[in-house]
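Letters A, B, C and D mark the chains in the order given here, with residues in each chain numbered from 1 onward.
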Amino acid sequence: MDIADHEDATSALNSFKATTIQSGHTVLLRLPSGETKGFKVEKDATISIGRVGSFRANELIGHPYGLTYEIRGKELTVQPPHTLQEVEETDATNELINDGEFVQPLTLGEIEGLKKSGVHASDIIKAQIEQHANYSLKTEYSKEKYKQRKEAKYSKTFSTVEPTIYNVCDHWFKKDQNRIRDIRPDTLSQILNLANVRPGGRYIVVDEASGLLVSAILERLGGEGRLISICDVDSPPAYPVMTLMNFRKDVVTNIHSSLNWATAQEDYTPAVAQESSPEVGKSERHRIRLDKRKNAADTLLNAREELFAGEFDALLIASDYDPLEILQNLILYVAGSGSIVVQSPFSQPLTELQSKLRLDPGYLAPSITESWLRRYQVLPGRTHPTMSTSGSGGFLLHAIKVYDDPNASKVSSHRQSKRQKKEADEGNLTVPQTLESYQTTELEEKNAAVADQASLTNEMEPTG
Amino acid sequence: MWSSARDVAAGDLVIIWQTRELIQPLLITPGKDLNSRFGYYRHADLVGIPYGSKVGSRNGKGFIHVLRPTPELWTMALPHRTQILYLADIAFITSWLDIKRGSSVIEAGTGSGSFSHSIARTIGSVGHLWSYEFHEARANKAREEFSLHGMADIVTLTHRNVCKDGFTVEDTVDAVFLDLPAPWDAIEHAKKALKKTSPTRICCFSPCMEQVLRTVSALNDSGFTDITMFETLLRPHEVHQLSLQPLTQAVEKLKKLEQKREDKRQHQIARSSKRKRDDLQETDADNVGGKRLRTQESGDEDVSIRDIPDAVVDPGQSANQPSPIKLSVSKVSPDVRGHTSYLTFARLVPTAPSKSVAIQE
Amino acid sequence: MWSSARDVAAGDLVIIWQTRELIQPLLITPGKDLNSRFGYYRHADLVGIPYGSKVGSRNGKGFIHVLRPTPELWTMALPHRTQILYLADIAFITSWLDIKRGSSVIEAGTGSGSFSHSIARTIGSVGHLWSYEFHEARANKAREEFSLHGMADIVTLTHRNVCKDGFTVEDTVDAVFLDLPAPWDAIEHAKKALKKTSPTRICCFSPCMEQVLRTVSALNDSGFTDITMFETLLRPHEVHQLSLQPLTQAVEKLKKLEQKREDKRQHQIARSSKRKRDDLQETDADNVGGKRLRTQESGDEDVSIRDIPDAVVDPGQSANQPSPIKLSVSKVSPDVRGHTSYLTFARLVPTAPSKSVAIQE
Amino acid sequence: MDIADHEDATSALNSFKATTIQSGHTVLLRLPSGETKGFKVEKDATISIGRVGSFRANELIGHPYGLTYEIRGKELTVQPPHTLQEVEETDATNELINDGEFVQPLTLGEIEGLKKSGVHASDIIKAQIEQHANYSLKTEYSKEKYKQRKEAKYSKTFSTVEPTIYNVCDHWFKKDQNRIRDIRPDTLSQILNLANVRPGGRYIVVDEASGLLVSAILERLGGEGRLISICDVDSPPAYPVMTLMNFRKDVVTNIHSSLNWATAQEDYTPAVAQESSPEVGKSERHRIRLDKRKNAADTLLNAREELFAGEFDALLIASDYDPLEILQNLILYVAGSGSIVVQSPFSQPLTELQSKLRLDPGYLAPSITESWLRRYQVLPGRTHPTMSTSGSGGFLLHAIKVYDDPNASKVSSHRQSKRQKKEADEGNLTVPQTLESYQTTELEEKNAAVADQASLTNEMEPTG
């Protein structure tokens, strides 16, 4: 890797994110229903998770993420990890069970009584099962389903969920996929890889996905690199997704700056920059305010300077504004060979964009992809895709920024120093080793023609 | 890893993009030439130009784009020693396994190194990848490659059959990725290699369902939890220009066509010529032939653009006709990869802390 | 099966469409009423109206559509006795098994009769369906239903455990469909029931992969060939109206907003008032709040329609602004059924004819 | 079923399609590569299938479809059906095989020699395998793959493929999916079911899918019912798909008529109908020609009359013309409660159409669906989805034709005879049995509102 300062990088890493639960974290808890919910962990506060129960936050602080707990009173007991249980098939079928006659033997009142008397959830279920008239007639599959349903209802256990970008994205996607523009964890992972997001890299992002892209890029930078986000409100918005990441704010401040569509214009002079009068001799309070204002102005001016200097590694866009206009505004600041990734919940805006970009020699191989994801249940003997899946994870357009040479396709055009020319003349004509496979490749069209038909081929997945 | 300078320098590994189907790595070696169907280039000419430049050939036979390598471009350009992993799987595995800056990762086997490059990029210089390959020749080639790409500090490559002999580290890594024919034989070894103080993760990459079932069972037996399985694919979309023809226009054309034919017939009857018999049939045959030909053409070029015969319409009239509706549309490409592998994931839960654990900050 | 007359008659089974989520069968019985959330109707009022009519309620509380039953509507309206088969699977199975007019078909089990109705429609009165159900109460209910729907001549329903006791016909049917927990136990029986003189087909419907593997093995052991497996789904698309906002407009709005705030600040400085400190922050907070609120709203309603604050724009100016691009777009609905069942198909090849077979015509 | 004449129906069925291969049939053959190709079977002719070999057509005539043959000389031998073979896993891995060193021990000349000397394909493969240096080191999976590849190359076997609509659609989809507008077998099956195509039904079709829809509807009618197709050329086109179905022409003529977009207009008088002068006393030849012309005119006028009389069960559209215009032309002829199914290779035209139809009270619940299909390899121990699948099978819009009552949503409006009124007044208010489940259904919106949001719900697949 071409990263210079190894020590600095390490220390930034260590301080970017705590590996255990800390006071002030917003922690995702997985409830017995399978749903995840975010809870603020504050020292000495009580966390209440509905009918599952409540407990003191201190019980979690200092623990690694990912453990499962049972609430007993206000106390938490760490549970051993849950393993799969083999379902043995018996000769029983559902043949003799009459539909609609599946009577629940314990009344609601009885169950509440058992729960209050501190009887363990698994015992309530067992009691129900034993009294269930038809239970022994049901197949093992039906029994298992029944048990799971009951367990979700009476269990007093929960797990803490590590704030990985996968988990946070998954949580938001299930909670409200509109707010993150349908970006599913798989799509997000593709965005990050297509944009070559890496520690030390420099990126521009237009994030109208509640901060999901900003969060994901910051997580990948891990404290090393730069991110400039451009928003359509005058001050940087509070990103609801970022709350769950529990980044250390000081590290984020170092690597992340925010501009808006006005301050991101080179020909625009922000009001703060117009300030000229030093206004000396005012009150202490006034001076503090002026300092603050000065800092904000400096931050803004630095971010502008940095943006306009360009040479960013990639530009990532998830926005409802016309993507072509966004590119026209920002493409200038992307380095040659840098990536452009545009996300949309619908294919149509990207279709329009692609049909324009393919005519622009400044963009290489603009292509549209849709991500497809399928999750499976893998319980022993009962492996199948989950019955309900998300319909769409959104669409991506990817292209590479290139520098056109209008003459290149017609005549040869080279910058050549004398020294280079000499070397070249002396050089032998052997094909380099890394290209040896090329010699046998059969091509049917000239590259100019092929490049025109760019969209008709699968760029990212060559058959091989 | 690769150069992050603005301009290409001698000794850089660059990606030469000729077409989407022809993307090749090139080690810039002034004195050497690049000779391809798309022209003749001298390496020396590429030194000093900015990455991303389009370069015309010396003999005017075409052009290339000189790109900065990325793991994604490398996946498209690399010499295949085995079947390789592609973007969708690599990205998803990276995300589920929470691989990021500073992560310690195991992969087995190395294969053609497609996954290795992506992981090395993502973990950065403060992370580490232990890569194992049981095939000696492949291991040696991969080692050379990693060294050439400046990844030697990040990747430790070992020639080893991990199913038999296990891994070389213990209680060390955050994530394990197994791309092996029999991953179940390596799962206990993987457990040993994983850290025990924080949540860690494993992924097994298996093309067949029977392998998945056996892997799930082995993971469960070894105490891994949250076992789940995914498939992911990238579906490329084609963009077409569609024009919906107005029906009224077709109606008018057909009316005219019929009238024309009828006029011809009446004319012939009036003349009472000998050649009567064949005319109508000929017209029919012509017309059917024309239709079929058009269908074929539109099949060969673009199914969405369709025309009814223009010959029978006066050009002057078309201005009055409603114009076709033009749309820019897309659909999934016909040759989508339908399956790569099943991705079986699981977690290893950290040991529970004792009640006396101090609050770390 | 059901009425093919233009108008509804007493005794007809009709489909009452209230909403997409509320589609119910109704046996037209003059004298009875239909009382629903969407109003109050008399059966007698429906007699004589054409199928497809919209009918307002007597009490003005809503309306219904009175539809002619089809197997597809029946699938949406039927009382569920079990999990049922839906359009995508039914249609595909019908096609692969080559079920058409005159086909002889076996299904086991009958379940809620969703598949039975579709098959009866497709084979017509010259075909025949043998339907088997091992659950007695369900068998009886299905028998009543088939009789009520005029299918008694087409469908023979038998209460029977076919895995144990086999089918009631031999060398008779063109196709067998097994929707059973353990189809492998019925495969030899199915082979007996299939014709041997022409190509015949079988389909096993199994939700889990383990069942598929066992079924494939049993089919192979019984001499079935061309064993193949499919999954099919119907992905409903949502239609949205999308407007892409012009960016230039946002830039102008933001510039004005900032200028306004700056003017306010300068004004305040000039006045040197006491309330200075909070102003800037308030504006910030308002703005952030406003932004978040908008996002939520658009989340609740339609993510695609997005606005930047209108309050700060002079209405007179918007005429000069570029107008947003309006598109009618679609995407797959978020709650798509991700899996119904695996469909395992196989063929039974007819016995080879002897060389002396006469040419039939 | 409400079909009157049982006997007629049966005889029509028996004559609609031969169940064995006949002279004149175009028969699909499945070649060792897995590909299917159509061949014309003519008595006494020779059928040549490339390097697989050639044989006399008579060898197939009279045989049932679906058999596998081996070509030996010019003769065919029926082969036993191919069953799956269990692959036993050995301890061998590919570990010790060097890439690129996979040497083929038999030269091409040697193989040709073996083939000419009449050595059986499986023996050639065996010989190759035995001489293959590394073969025993390869895993069983690799061996199997290798064997299959070789088998496809040297095998002299083929199978006849039954001309089911599934097989014919599958053949065309693989051969040239553009010509059938991306209609995959699964999509086709959905079109037929959504349009309620059944023996005895009456349908209108606009088929620009090379006759795929026409063929599929005729196959489903099985000789009983009516089909009017509307084309954009003046004479009915020759449908390439129909050639493979091997229908009996006389039966097809009875149930299928064709109009074009001009002759399908009520206000248009076709030229043939303008004929008035009887033109008596001409030559025999002329009279035959006139009769022919008279028949064509009668057929046309009858088809027009039938179309304009309406009450068709469904309208099926697969066309490049604006679908809204097509509906405006033909919706009149669809019976109340009849189905409308519109197919398109792209979602966009259907999106536009749906957004218009949902505002038109003459269409109930217009909804767009996309079919998804996945095929699996189920070889023992090697079960997985096939590596390459078709990307898209096209999109469908489905709606039901209804008769609006503009007053219905505001006030009650009823046609009511006195007798009916009396009955209704006497009737009790009990909810009919079939609606009992309704009483407990919780609805959150009025149906008017729900109907407006039609597109947001999954019509065909209610969760249940």
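Things worth noting here:
By our rule, a contact is a pair of C-beta atoms (placed from the backbone, for glycine too) under 8 Å apart; a residue touches a chain by one contact, two chains touch by 3 or more.
All figures in this text were calculated on a predicted structure; none of them were measured in a lab.
Just to note, of C-D and A-C, the chains joined by more C-beta pairs in contact are C-D.
Against reference pair B-D, the listed pairs A-B, A-C or C-D yield one interface repeat, A-C (criterion: more than half of contact pairs the same by residue number).
Inter-chain spacing, taken between the CA centroids of chain A and chain C, is 32 Å. Spacing of chain C relative to chain D, judged by their CA centroids, is 21 angstrom. Chain centres here are Cα averages; for chain A and chain D they lie 43 Å apart. Touching of two or more other chains is recorded for residues 347-348, 352, 374-375, 383 of chain D.
Shared interface positions of chain B, defined as residues touching 2 or more other chains, are 209-210, 213, 231, 235, 329-330, 332-333, 335-337, 342. Every residue of chain B that touches chain D in the complex is listed here, in rising order: 81-82, 134-135, 137-138, 161, 181, 207-210, 231, 235, 240, 242, 244-248, 250-251, 254-255, 257-259, 261-262, 276-277, 284, 287-288, 290-292, 295-296, 298-299, 303-304, 306, 308, 325, 327, 329-340, 342.
Interface residues of chain A facing chain C in the complex, by the touch rule stated above, are 93-96, 98-99, 139, 141, 176-179, 181-182, 208, 210, 232-235, 237-238, 240, 260-263, 265, 268, 270-271, 274, 285-286, 289, 320-323, 325-326, 329, 345-349, 352, 374-375, 381-392. Partner chain B is touched in their complex by these residues of chain A: 1-3, 6, 9-10, 13, 16, 18-20, 22-23, 61-68, 78, 81-84, 162, 164-166, 185-186, 188-190, 192-194, 196, 198-200, 219-224, 311, 335-339, 347-348, 350-352, 354-355, 358, 361, 364-365, 367-376, 378, 380, 383, 395, 400-405, 407-417, 420-421, 423-424, 426-432, 434-435, 437-438, 441, 443, 445-448, 450-451, 454-464. Contact residues of chain B toward chain C in the complex are 209-210, 213.
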